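In the part that follows, the structures are each spelled out as structure tokens.
In the two complexes below, chain A is the common chain; its partner is chain B in one and chain C in the other.
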Partner chain A sequence: MAFYVVQFLTGLASAASLFLVASGLSIIFGVTRIVNFAHGAFYMIGAYIAFTLTERFSGAFGFWGGVVVAALAVALIGVLVEMVLLRRIYHAPELFQLLGTFGLTLMVEDLVVLIWGPDDLVGRRAPGFKGAVDFFGQNIPSYDLFLIALGPVVLGILWLLFQRTRWGVLVRAATQDRDMVAALGVNQKWLFTSVFAVGVFLAALGGALQIPRDAVHHAMDLRIIVEVFVVVVIGGLGSIVGAFVAAVLVSELNAFGILIFPKISIILVFLVMAVVLIVRPWGLFGKPEAAARKTPGLTVNPWRPLTSNERLASLAALVIAATLPLFVGNYALTVGSEIAIFVIFAVSLHFLMSVGGLASFGHAAYFGLGAYGVAFLAKMAGLPMIVCLLLGPLLGCMGAAIFGFFAVQLSGVYFAMLTLAFAQIVWSIAFQWVSVTGGDNGILGVWPASWAASPSHFYWLALGVAALVTIALRIAVFSPFGYALRATRDSVLRSEAVGINAKRIQWTAFVIAGTTAGIGGALFAYLKGSVFPDNLGISLSVDALVMVLLGGVETVSGGVIGAIVYKALNIWLVSQTDLSKLVLGGFIVLIVVVFPKGIVGMLEMLAQRRRKSSPPGSSLLAKPIESAE
Partner chain B sequence: MKLTVEGLNSHYGPAHILFDIGFEVGEGEVVALLGRNGAGKSTTFRSIVGLVAQRTGRITFEGKDVSARPTHEIVREGLGYVPEERRIFTDLTVDENLEVGRQPKRPNAPYWTREKLFTLFPNLGEMKGRPGGRMSGGEQQMLTIARTLMGNPSLVLLDEPSEGLSPKIVEQMVDAILTMKKEGVSIVVSEQNLHFARLISDRAYIIERGRICFGGTMAELDARPDIRDAHLSL
Partner chain C sequence: MRARNYFVGAAFALLAAGMGHSALAQDIKIGEINSYSLLPSFTEPYRKGWQLAVEEINAAGGINGKKLVVVSKDDGGKPADAQTAANELVSSEGVAMLTGTFLSNIGLAVSDFANQKKVFFLAAEPLTDAVTWSKGNKYTFRLRPSNYMQAAMLVEAASKLPAKRWATIAPNYEYGQSAVAVFKKLMSEKRPDIQWVDEQWPPQGKIDAGPVVQAVAQANPEAILNVTFGPDLVKLVREGNTRGLFKGREVVSFLTGEPEYLDPLKDETPEGWIVTGYPWYSIKTPEHDAFLKAYQAKYNDYPRLGSIVGYQTIKAAAAILAKAGSTDTDKMIAAAEGISMPSPFGEITFRKIDHQSTLGAFVGKTAQKDGKGVMVDASYKKGADYLPSDAEVEKLRPKD
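For the complex of A and B:
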């Protein structure tokens, strides 16, 4: 019995840091509507700076002072980031801010290694809390007891801050209607900056307080950010009480899951999150989101099929790509195959995101399922490659059909979070079901048949499939199905009013996107000769998002261009520099600030400007539109 | 002049909404901006306070050019804005809604305290702790006006204050607007309801398809039934 109590208390202690970080994320999202991917990075910097300060300055004052100063310093960095980066992109398309903060995360990951080295750093124990308390023969570190007490204290302080101060009232008002707050004479800029500073301070404090418990290392950002997303979604975006309750819930699930269901401990948390999202999409303590006020004038340029000249140009580009094996060596061809495969992957997510308006944060699940599908068929059933390639993606299709059915019941951020949860569930299964999937060791020896074994042949195969997939999805965009899908994206209500079954259309789109991603995954398995849980991991999902956003989410061909640029740059950087993440992250941030419409969006804008300069003002511009008030 | 608008043009994306809007408001005056649904009344107000990004033209408030200033600075000059559709903060209580609007005292404008506003709108005084989302439409409308008055404006843009309210509440609204006028607040009120406008206004402009097509006193407007019938649905 005592053992379980101790386990419970350990869970509570873990909840403290999680709550700090999650409440920060929640507050920032509430006011700025930015899903701050860099929140984990701030948490990590907080831990690193606190480590340095507490090593340098001894004694109780050195430790506790170091923790607080570290959090303040990181908050200052947060202010700089907000003023230099985020202020420029508040009005960019939704999720674009996610790309910016992701770029920042990449940069930070390399920077901390540069400054503090790649090794794990073990911090000092907290003065005054070095011992352990005996509890019926079980030991509880006294620092854990301190953390357990800290959680509710911080919750209380935050509650007072938001309920009893003018700042808190303004923040809550801005959470609901930013423009109206400005129209009452409040300077939004500084309100946003201060909110961001408070959120970042909480994240950094969470990180700094972890150093007596855990080693500081350069991957702690990704680990916490996933957990924090889960906490925030379960608790309800924007609710601090929700963040607290959910942090406790998630930490206890982790603490007891490992005892009771050791086999599925990782899945447990995501399973709970999925159930919460399905039953109460806005979280335990959140409120159903009112339909966001659409800013007038922020319209997507109407899409059109390629003109015949553009078709010829695309064909020429394809032909040139196909002649590549005549000029380059095997390594370059392998890179080319990988890029082609990622074009398939990116195009499939682009279809879901841009055409369907459904931004999936877990698209790698279907890519990975396709890869595992091939691996099962090839290794267990021993089927020939061509059959595997045709049937393997069906596993991705099945996964998309099951998960997609639940996911399309939600929209916006909640849809993104549910897809993330599903992807993590699939990842956990692949990781933990060792007898079938090989767990972390993966499935090895998935080699292509002899007809596709040479790098040039495989390259042609990948290129051909990528071209076919891209053309097929483009045809779908301009088919009646594509029109219906775009209608549900622009207005679910209005599309349903004209007789479109919105959920079914979106579900179909989800399955199409999942199956297509599965095709990419199937090829990927043969390219690498092996399949690992990473093939359906979160970082691959994020890669796909970055590719789409980089190319331009409001364009038709953004997926293709984004995949080529991102993947080529990524592979090239890794070969050129040890600081590839820093450079890539910097590049992404630059793109976000300078070209907020993505690469293709920028090109389209340039083309339009050139076209516009010849006949001054089109007829559309001079026509008054009556009901625009 | 309290407020002068000259050559105001506004766009939403590719759509041109306002065409060379011009009008002026004298010190302590109540001016009505009349027009049908979609004529451009709300866009005019939103453009004046800087909530429409794409706008050109000159807006002079108390002798200062405010055309290029951000929204919160324009409002802090003493130019209050009461939006249509009320837009109160539903999660905040009445008291907290008023707090958001609070700005320091201004030498050239009447000073409003919560107590003074509760005498102007007695209903609000009885529900200080109630969340905005649990108020009736009329109460919400009063709260939006009270909230803007907390900023001690010397001029208020009132966007369709009578829209969707019961006759009894409209009467209260007329009283409140006349009290504001008596206190010395200049007011521009947009309306579709000519009857309501006549009760409170000194002068009127008519806006149609984004253009001002009439300007004059209420008596001059009454003398031109042709204009009235052509541009206002009665």
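For the complex of A and C:
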């Protein structure tokens, strides 16, 4: 019995550290609607700075002072980031801020190694909490008890802050309806800045408090960020109590789950999230999102098919691309094939995100399923390459049909997180089912048939498929189906009123996007000759998101350009410099600031400005007027 | 920095040859790939190691009079990116052979690439047995002692322990899984009386150490096998120390004696764990002394195991190239099979039968000295003594 009590308390201690970080993320999202990917980076910087301070100033005062000062210092960095970067992009399309914070995260990962060196750092133990307390023969670290107490204390302070202060009232009001708060004359700028500072402070404090139990290293951010997102979503976005309950739930399930299934940790949080979201679409304590007020950006600049001149230009670009094998060597061609494949992947997500308004955080699942489909068919059934390429993507199609059915019942960030959960479940199956998938050692030897083996032939194949896929999806965008899909994106109520079955349309779009991604994955398997669980992983999903956002969400061809720019730059930087993450992250941040509508979006805006001599269009874009639903 | 080194190397080549671009064509280029951005704590010393080797080789006149140039790429910890890098090195840089890699899946991906493109590949670090056995191919050689060899070295010491109830803690991926599987198999062969009472599989890099430690303690084992390393190991050791998990229990642990993983533990270093590792401070052989002196003179830092791996990888590559007298792949394979060469750990041989080198490892016990973790009672285990019989290897490895 004592064991179960101790295990429960241990779970509570894990929950407390998770809660600190999650509560910050939840507050930030609730008010600013920013999906703050850099939250893990702030957590990590908090730990690094606290390490430096606690090493320099010893004693109880040095330790606890160091922890608090570190958190404050990082909060200051957060304020700087908010004022310099995020303020410029609040009015950018939804999720664009994700791109900016993603760029920051990349930069921080390289910066901490530059500043603090490559070694793992192990900090001091907390003065006064070094030992353990005996509980009927079981030891509980006293630091765990401290954390267990700290969780509810922080929860209480936050509750008081939100319920008993004017600032808290404003924050709650902004969480519910930030346009109304702005209309009432509250200075949003400082409200957002202060909220961001509080959120970052909590993240950094969470990081600093890990020093006595963890090692400080440069991958801490990625280790926590996804988990924290999941906790926030399970609890319900913007709900602090929800975050607390979710953190406890996840930690306790893990603490007891490993007693029965020692391998459960790898997937547990995602399983819990999938179940919670299917049963309660807005998390445990979340409320249905109020119908968002759309900015009129889309109506100001409606989509149109390409003019005949533009068609000719695209055709010319394709022809030029097709003559590449005459000029460049094998390596460039292989990179070209890879870029073409990522164009397929990006346009498939772009179709879902831009046309359907459904941002998937787990799109790599269908890419990877396509790749595994090919690998199974080629290695186990021994089918020829053409057949594999045709049938392989069906696995992606099937996956999208099953998961899409559940996912489209949700919307917004909840949709995104459910797709992430499904992707992680698929990933963990590929990872764990060693006898079939080979586990993380993957499936090797999936090389193309001799007719496609030469780099130029494979390049033409990839380029041809990419062109076909892009054209097909463009036709779909301007087909009645595409218009119906856009209708569900712009207004669910109105589209249903005119008789569109929104869920079915969205589901169909999901399956189309999943199958298309599967086509990309199928080609990828042959390009690399092997398939790994990586091909379904989070980082690939994030790559796809970044490509779409970089190109421009509110455009028709953003996916293509975003994929070409991001992939080419990424491959080139990794090959040329050791600090590829720093440079790439800096580049992304720069793009975010200079091109807040993405590369293609910005080009279109410039072209439009030139066409119109009168400026109202641009001023409208710069300061969107909120229109009531 | 890599690009810069390459350019510096190229500039030196120009100066030395005293002529234009044609001199560069005379150089021998080796391609090197590793997870520099993902695993800097291993790869930074590793890079220093191979840079020292390149310097020494060129100072001694290069390879059969030709200057050696290493072109190095980062794989970011992703097999697909490693293949892009391998492709660039082979197609664009025209390297004579590929070397490097750390993670097992990346080692396998590059090995499969080498097999497909008929390129010589000298794997430096990936430990999975598959590289030389179940997925071995004629183009791939490996330097470091494999999972099997390290497990066999540890079993030799572990089987002498009186403990009968064993628990295992290992990261939940191929490396952890195969390390535990081999250890269990070899242990149970030597000691049929052993019981395996618990196993924990925390996700790599994400251990929730408290509950794991508690769960293992609950099973009340007499001895524990640990395979976690890096930050996971730190968390496990700290929780284990506080909760008294290691008190009165024997612990056998993979890799923990390597400075990369032992040094961060400082005054938390547990006493008396049986580990594999690299006690650079207590190795007193002329070969190692020479290496240590050169390394410390160049970097003003002590070597980690990564330094040895990087150093010996390039030394081995150079030895193979020198013996082959050519950059022709088949000639290099013929030269590499059965080649013997000196190393800081003594002479090693690349076996003809499975392309595994006989580089060994040190097995010893952990201890604390002046608040720092060290390995004591360490002895070098020759790799050749811990490999299965040739007949067994024949069965494990597909025919070329």
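Just so it is clear, the second predicted complex is superposed on the first by the 593 of 629 C-alpha atoms of A that agree within 3 Å, B and C clash if a C-alpha of one lies under 4 Å from a C-alpha of the other, contacts with A are read in each partner's own complex, and residues count from 1 in each chain.
One rule holds for everything that comes next: a contact is a pair of C-beta atoms (placed from the backbone, for glycine too) under 8 Å apart; a residue touches a chain by one contact, two chains touch by 3 or more.
All values derive from a computational prediction rather than experimental measurement.
In the superposed pair of complexes, A:V169 makes contact with chain B only, with no contact to chain C.
When chain A is checked against chain B and against chain C, the one touching more of its residues turns out to be C.
Within the superposed three-chain model, A:L444 lies in touch with chain C and out of touch with chain B [touch as defined at top]. Once the two complexes are overlaid on the shared chain, A:G382 sits clear of chain B and of chain C alike. Of the two partner chains placed by the overlay, only chain C lies in contact with A:T10; chain B stays clear of it.
Once chain A of one complex is fitted onto chain A of the other, the partner contacts of A:M180 are limited to chain B, with no touch recorded for chain C.
After overlaying the two complexes on the shared chain, residue contacts for A:V434 are found with chain C alone; chain B is out of touch. Of the two partner chains placed by superposition, only chain B is touched by A:Q188; chain C is not. Against chain A, the residues of chain B that register as touching in their complex are 11-17, 19, 37-43, 49, 51, 53-54, 70-72, 75-76, 81, 83, 87, 89-92, 96-97, 99-103, 147-148, 151, 209-210. Taken in their complex, chain A has these residues touching chain B: 166, 169-170, 172-173, 175-177, 179-188, 287, 296-299, 620-629. Residues of chain A touching chain C in their complex: 3, 6-7, 10-11, 13-14, 109-110, 113, 118-122, 130-132, 138-141, 143-144, 212-215, 217-220, 223, 227, 251, 254-255, 258-259, 262-263, 265-266, 329-332, 334-335, 338, 431-432, 434, 439-442, 444-445, 447, 455, 524, 528-530, 532, 534-535, 539, 571, 574-578, 580-581. The part of chain C that touches chain A in the complex is made up of residues 1-3, 36-38, 40-41, 43-44, 73-74, 76, 78-81, 83-85, 87-88, 91-92, 104-105, 108-109, 112-113, 115-116, 128, 130, 135, 172-174, 177, 198-203, 205-206, 208-212, 214-215, 217-218, 230-231, 234-235, 238-239, 242-244, 260, 263-266, 268.
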